[in-house]
Amino acid sequence: MDLVLVQIFNGIQYGFLIFLAASGLTLVFGILGVINLAHGSFYMLGAYLALSLTEATGDVFLACLLGIPLAAVFGWAIERLFIRRLYGRDHLQQVLLTFALILIFNEVQRMLWGNYPHSVPAPTWLSGSIRLTDTLAYPIYRLALTVICAALAAAMFFVIRKTGVGRLIRAGESNREMTELLGFDANRLYGLVFAAGVALAALAGMLAAPVESVYPGIGERILIISFVVVVIGGIGSLEGAFLGALAIGVADALGKVFLPDFAGVLVYALMATVLVVRPAGLFGRTIR
Amino acid sequence: MTIALATPTTSSVPTGEALLAATGVATAHGRIPCLRDVAFAVRPGETVGLLGRNGMGKTTLLRTLTGLLSGGPTASIRFRGVDLAGRRPAAIARAGIALVPEGRGIFPNLTVHENLILAARAGPSGKREWTLPRVFDLFPRLAERRANWGDQLSGGEQQMLSIGRALMTNPELLMLDEATEGLAPKVRDEIWKTLRIVAATGMAIVVVDKNLEDLFELADRHVILAKGEVVFEGPTAALTADPALVHRWLGV
Amino acid sequence: MIRLPSLPVLALLGLLLIGFAALPAFAGPYEVKFATRVLATAVFVLGLDLLIGVTGLVSFGHAAWFGLGAYAVWFVTPPDWEAANLPLALLAAVALPGVVAAVVGLFAVRTRAFYFIMVTLAASQMIFAFFHDTRVAGGSDGASIDVKPALEIAGRTVLDLSNRNALLWLAVAALALAYVFVLTLARSRFGRVLQGLKANETRMNALGFDGAKYKWASFVIAAMVAGLGGAIYASIDGFVPPEILGWRESGLAIMMVVLGGVGSLWGAILGALVYALAEEILKSSDLVGAAISDHWPIAMGVLLIAAVLGAPKGLAGWLPERRARPWSPPADAETSTAAAAPSRPPRLEVDGLRRTFGGLTAVDGVAVAFEPARIHAVIGPNGAGKTTFTNLLSGALPVSGGTIRLDGVDVTALSAPAKARRGIGRSFQRTNVLPGFTVAENCELSAQARGFAGASRAEEARAVAHALAATGLVDRADRTAASLSHGEQRQLEIAMLIASGAKLLILDEPLAGSGPEETARLTALLKDLAVDHTILIIEHDMDAVFACADTVSVLVGGRLLAHGAPDEIRRDAAVREAYLGRFAGLEDAA
Amino acid sequence: MSSSRREFLMSSGALGLAGLLGGVAPFGRAAHAAGAIKVGLLLPASGTYAPLGEAIRRGAELYVKSKGGALAGRAIEFTALDDESAPPKAAELTNKLIFGEKVDVLMGTVHSGVAAAMVKIAREAGVTTLVPNAGADAITGGLCAPNVFRTSFANGQVGEATAKAMLAGGVKEAITCTWRYAAGEEMVAGFKRVFEAGGGKVVKDIALPFPDVEFQSALAEIAAAKPQAVYSFFAGGGAAKFIKDFAGAGLKDKVQLWGPGFLTDGVEQAVGAAGDGVKTVLHYADGLTNPEDAAFRKAFQAAYGVAPDVYAVQGWDAMHVLDVGLTAVGGDVAKKDALHAAMAGASFASPRGPFAFSANRNPKQTFYLRELKGGKNVLLGVAAEGLADVGKGCKA
């Protein structure tokens, strides 16, 4: 029984992390209408930024503070250079161009950081463990990570629901033409959203670095999982992504213990089931 | 039934005075031409009725004027002395043209309040005449419904919201596509009443609508489109005086 | 429409095949294995182009079928040192992906666009996870095929795949066969429907084709073709890693399809070859310098981005296309046109027809009879329910109440394809022809829908001839629909309806966007057709309506306001009120 | 050497691709120096096993360097490809080395799956092949061939040795925890064979997909089962993370952590204090007392600035075996039968202790029990002496 509880907790922690990555993907997809296969690369970028910036600053949280603007600027530039050419093009071309970006990003990562796996230290003031049962303790950084992700999720919902930028994002998601008719430059909005999506993915990578270790191809698993989450939740739906991410996290964690051979299959089976029952995902497709 | 084909009399709109002066507008959907060399002008403070049967190009003209469609290489769209042809819709909106589109374009996932404050901005000359209280004043119904989602509104409320939202951008020219379509008679009357109030503030208005009587009461001047061309242009009196003309271009 | 390859293309393909087959004569084992892998990949990519280029389904999980084909060889290969059976291996490699795809396809074809991409991705990742995480077939280490399949006839080994040259030749033969098969399939009546679905699924459903079934069938066939490629791949080194099932391989295959040119089929072969060669070149420091070869993925990525943005038609765009085979009327066309023509146009009668959407009543108790061999116009302001009305008649929407009778037979509950087979044909507001098909091919595809009603091939051919003649498009028969003028496209729409055997033509705004001359020509055409068809048009061009219609029905707010001869309608006060509001009274005042 | 390839490409050109490709020969490479023996290295330079690949390469290069850059008078030229520890690339890369680069000797690799694919092709090609790490039992079992030599270990062999040490150390019940792939399974199978025969009880087998490094679920399961010990096989980055997460989950003081030596080799520094007390068994250890090891360690430290590990020894010994063979045939690699026979008979003093081949061309060797303390694998004693693998000799 302890095991189930611990695994549910592990699942929630993993779920929060993939929510952070998937939220960027769902925003970009919901608003820009672009299938961004390179989203995982931005997670990878975050992980490696955490590696370099933690070495420079000594603390992964300082690294995050520096890394977020860097990632956002990078995302903004990528949108200008490539993604902008994909609006309104068919999915085939979107898949291809972003697939080509993966090839490039992976190689750039190799050039800059090499092939070895690295570990990023958790901040010393969070490096201990808390005892959960008489045999099992839980690393404090993982707890902190869960709290931070929950806080970020709350902040994201606040921004989307309560701020002017959030209103504009929701408006752009439901009716691009009308937002333009009200005087908002959709291209700028799209640039902003894409930069935000990249920053979110990178932030997830940065926060995960101390628990995951940093290695080439780290973004690809998270990419596929993020797509699963987006589809389960409904394209463009943050609530959906949130529930989807938690469901996937818990299913994966429990699956690893109770169906070890089929944990990998389970996640996709969950997605297939959701699609059969609710073809548009758990939450239709508008952000409220 | 005699049919008098009135040729566009651009002379009645001296371009020097015009708030909006569009010429050579030739919009096409793919290879299908929708507008053929259309000229259209609005004077400051004037209310213009844009008429024509379905599919004759009214919506296309409004969408071209707001930059959603390209008016073709020959188009010139001068607004307050600046050529807006080829500009993006956002730039045109900021220059002071607001459109209340067919279908109303309410953001279903924003509340009434959010729909309005999203649009709030000073006009092109820096004035902020239309504010949230004033819009709520104009449409008390919206104030009651301020916390409701956009898709929880009735058609009439949506149209009020769409007009109110357009006003929040403090435009110099307000254009309404199918201003009262699909609305109950009482609601229509309210919309017309509101438009007269807005017109009285000196705002220039272009209205597309099928209710000719109300439109004739509101508008100073009318333009009729048929098959993508301007077939009539003149004051309301010219139309009321010549029912045959109305039947030729608008009737059954 | 997918054409036979042009002569230069045929020559290129022939030379390629000969070159591949002759490779062992002048190249070493590495090149032979490299070439075999390219051939295996080409078969795989060919299968994917059948989906993407012909049926228009972008699958992001096609590698699963390639991988399953490869694993199938492992499944039927005995673990001991006995010889494996080649025919059995090939059969398994085609059957296993086919069976699994048949199940996945049931779900996948119900989705569209992005969701189709995601469902296929999820399916392939599931299969990948199964092979990677469980030890069923070697797990993450991959499956090792210790003894390669061989073909034994009467105790003699005829073909042993452990001989790499034999495998190369088998691969050449497999690719040639797969190409001929896929090309023939794509050009067959079946393939024509697939292409129709790619261009316009709604249109195909309205013509009476069940799109989901065709998509499912092409999904399964494409998987089987990919499985054949997988079998060859598995035989190269006798090693099948689970990663070949994964999304990266699927992505690479899409790259190759696009690089070669979507829908050209032979482009898929070229795409696979050029991609593999490009990778080899970029990896080779002798040729491109160490600066590039050390970081070849960047160069590859840049090349691909340039290809996507710069040459969306791919390599196939650089070689000439073969022109369509000219259409020729069937020999007995002259004598039998009359026979192919409709026996008698039908009478359509609706009573109490009603349709609600949630709380809104779009069509509200309409009762009207449309007499045969007449032109009936339905008019009304925007939002009056005209399009809903036609959707109810054609079966695109189910009715909420009331009856529809065709020649006295109740057809209310029939689906759109079923109604189409009964002779109810409808066109759409936007032109809906298949742009890549010639005029004749458009009509042939429509005529094919008659097959459901038991028409023979000869009858179909006569129907095409009749439709072209009736709409005056005979001299345009070999032009692609895309190259027609707007008015001609409208004519073609009508021709397609006639070719499909429609007796009742429901035309939604056939004159929209037409200039005066085109309007005149189309109305004249409608009048001609009304001799042996019943025609229902929804139209805003009042001049044209009153010029050609025999009756006019006015819908307002979902109700039938008036129905009668044009002159009656013109004088009807209620109609005027509806169109001109209270201003209608002004005429009398004036 | 590449004239045939040029022809291949020329023919492609003739096939109409010339214009497309600029008539270039993509497969061409500069011919190697005349007289040199070409050794193809198929080793991971990226991924979780990259450090292992590097150590092997260093060990091999150091041996050749120590002999003046030549073995039996023939210069040695290395050509390396990164196998990324990715089985899908194994076949292609092996083909490239054997048939593309036309190497005389093939050496690789770390990952058992990659090695299995490599050995399959190498057997068919008959090329002299040295396996400096991958312990897949099949390489010197079902897949074994006269031209394939392993200078490391067989997976089952290490598992058996570890089980012996654990039984001797009083461990009665254990959970096994490893990656679900051939090496992991064989390490566990060998372990269980001996552990259960000796009266031990395996409570549970936990297997994670390779190369997953998210261990939380596994650790929660271990904590729930509270076994006396965990027998765990991971390596490289994964091993370091497992040891750290094991300590982070508070299991370090409650449950003994045992494993084959790969668990701690190469990650001694990375795990820090979290690794103190982890007991492992391996055919190499820090603090051996034989003179060969002392010399080897000194040279290695001097050349690369770091202490060598077991992987470096395996690379070193691989070249040593080749040296023995080449010396016997006077450097003529074409005399394959004689070369292979001489290599199979190699018996010498390795830094790890006495080295000789079993009938399957897998080393018969001593296994040591070590404990990680303060960043060093401290030698505790011998776990098994002269232990051979369970292979029964080649079929062919």
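In this document, chain identifiers A, B, C and D correspond to the written order of the chains, with residue numbering beginning at 1 in each.
Rule of thumb we're sticking to: a residue touches a chain if its C-beta (ideal position, glycine included) is under 8 Å from a C-beta of that chain, and two chains touch if they have at least 3 such contacts.
Note that the structure is a prediction, hence the values are computed from the model and not measured.
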A-B compared against A-C, more contacting pairs: A-C
Inter-chain centre distance, chain A versus chain B - centres from mean C-alpha coordinates, in Å: 44
Chain B and chain D: spacing of chain centres that average the CA atoms, whole Å: 78
Chain A and chain D, separation of their C-alpha mean positions in angstrom: 37
Multi-partner residues of chain C (at least 2 other chains): 132-133, 135
Multi-chain contact residues (two or more partners), chain A: 110, 263-264
Shared-contact residues (touching 2 or more other chains) in chain B: none
Pairs of chains, among all present, that meet the touch criterion: A-B, A-C, A-D, B-C, C-D
Chain D partner contacts - residues on chain C that touch it in the complex: 11-12, 15-16, 19, 22-23, 26-31, 33-34, 37, 81, 132-133, 135, 138-142, 144, 146, 162, 236-239, 241, 243-244, 273-274, 277, 280-281, 283-284, 286-287
Contacting residues of chain B [partner chain A, same complex]: 66-68, 88-91, 93-94, 98-99, 101, 105, 107-110, 114, 117-119, 121, 149, 165, 169
For the chain A and chain B complex, residues of the former touching the latter: 164, 167-168, 170-171, 173-175, 177-178, 180-187, 286-288
Chain C contact footprint on chain B (complex, rising order): 29, 31-34, 53-56, 178, 181-182, 210-214, 216, 227, 240-244, 246-247, 250-252
Chain C contact footprint on chain A (complex, rising order): 35, 37, 82, 85, 91-93, 95-97, 99-104, 106-108, 110-111, 220, 224, 227-228, 231, 235, 261-265, 267-269, 271-272, 275-276, 279
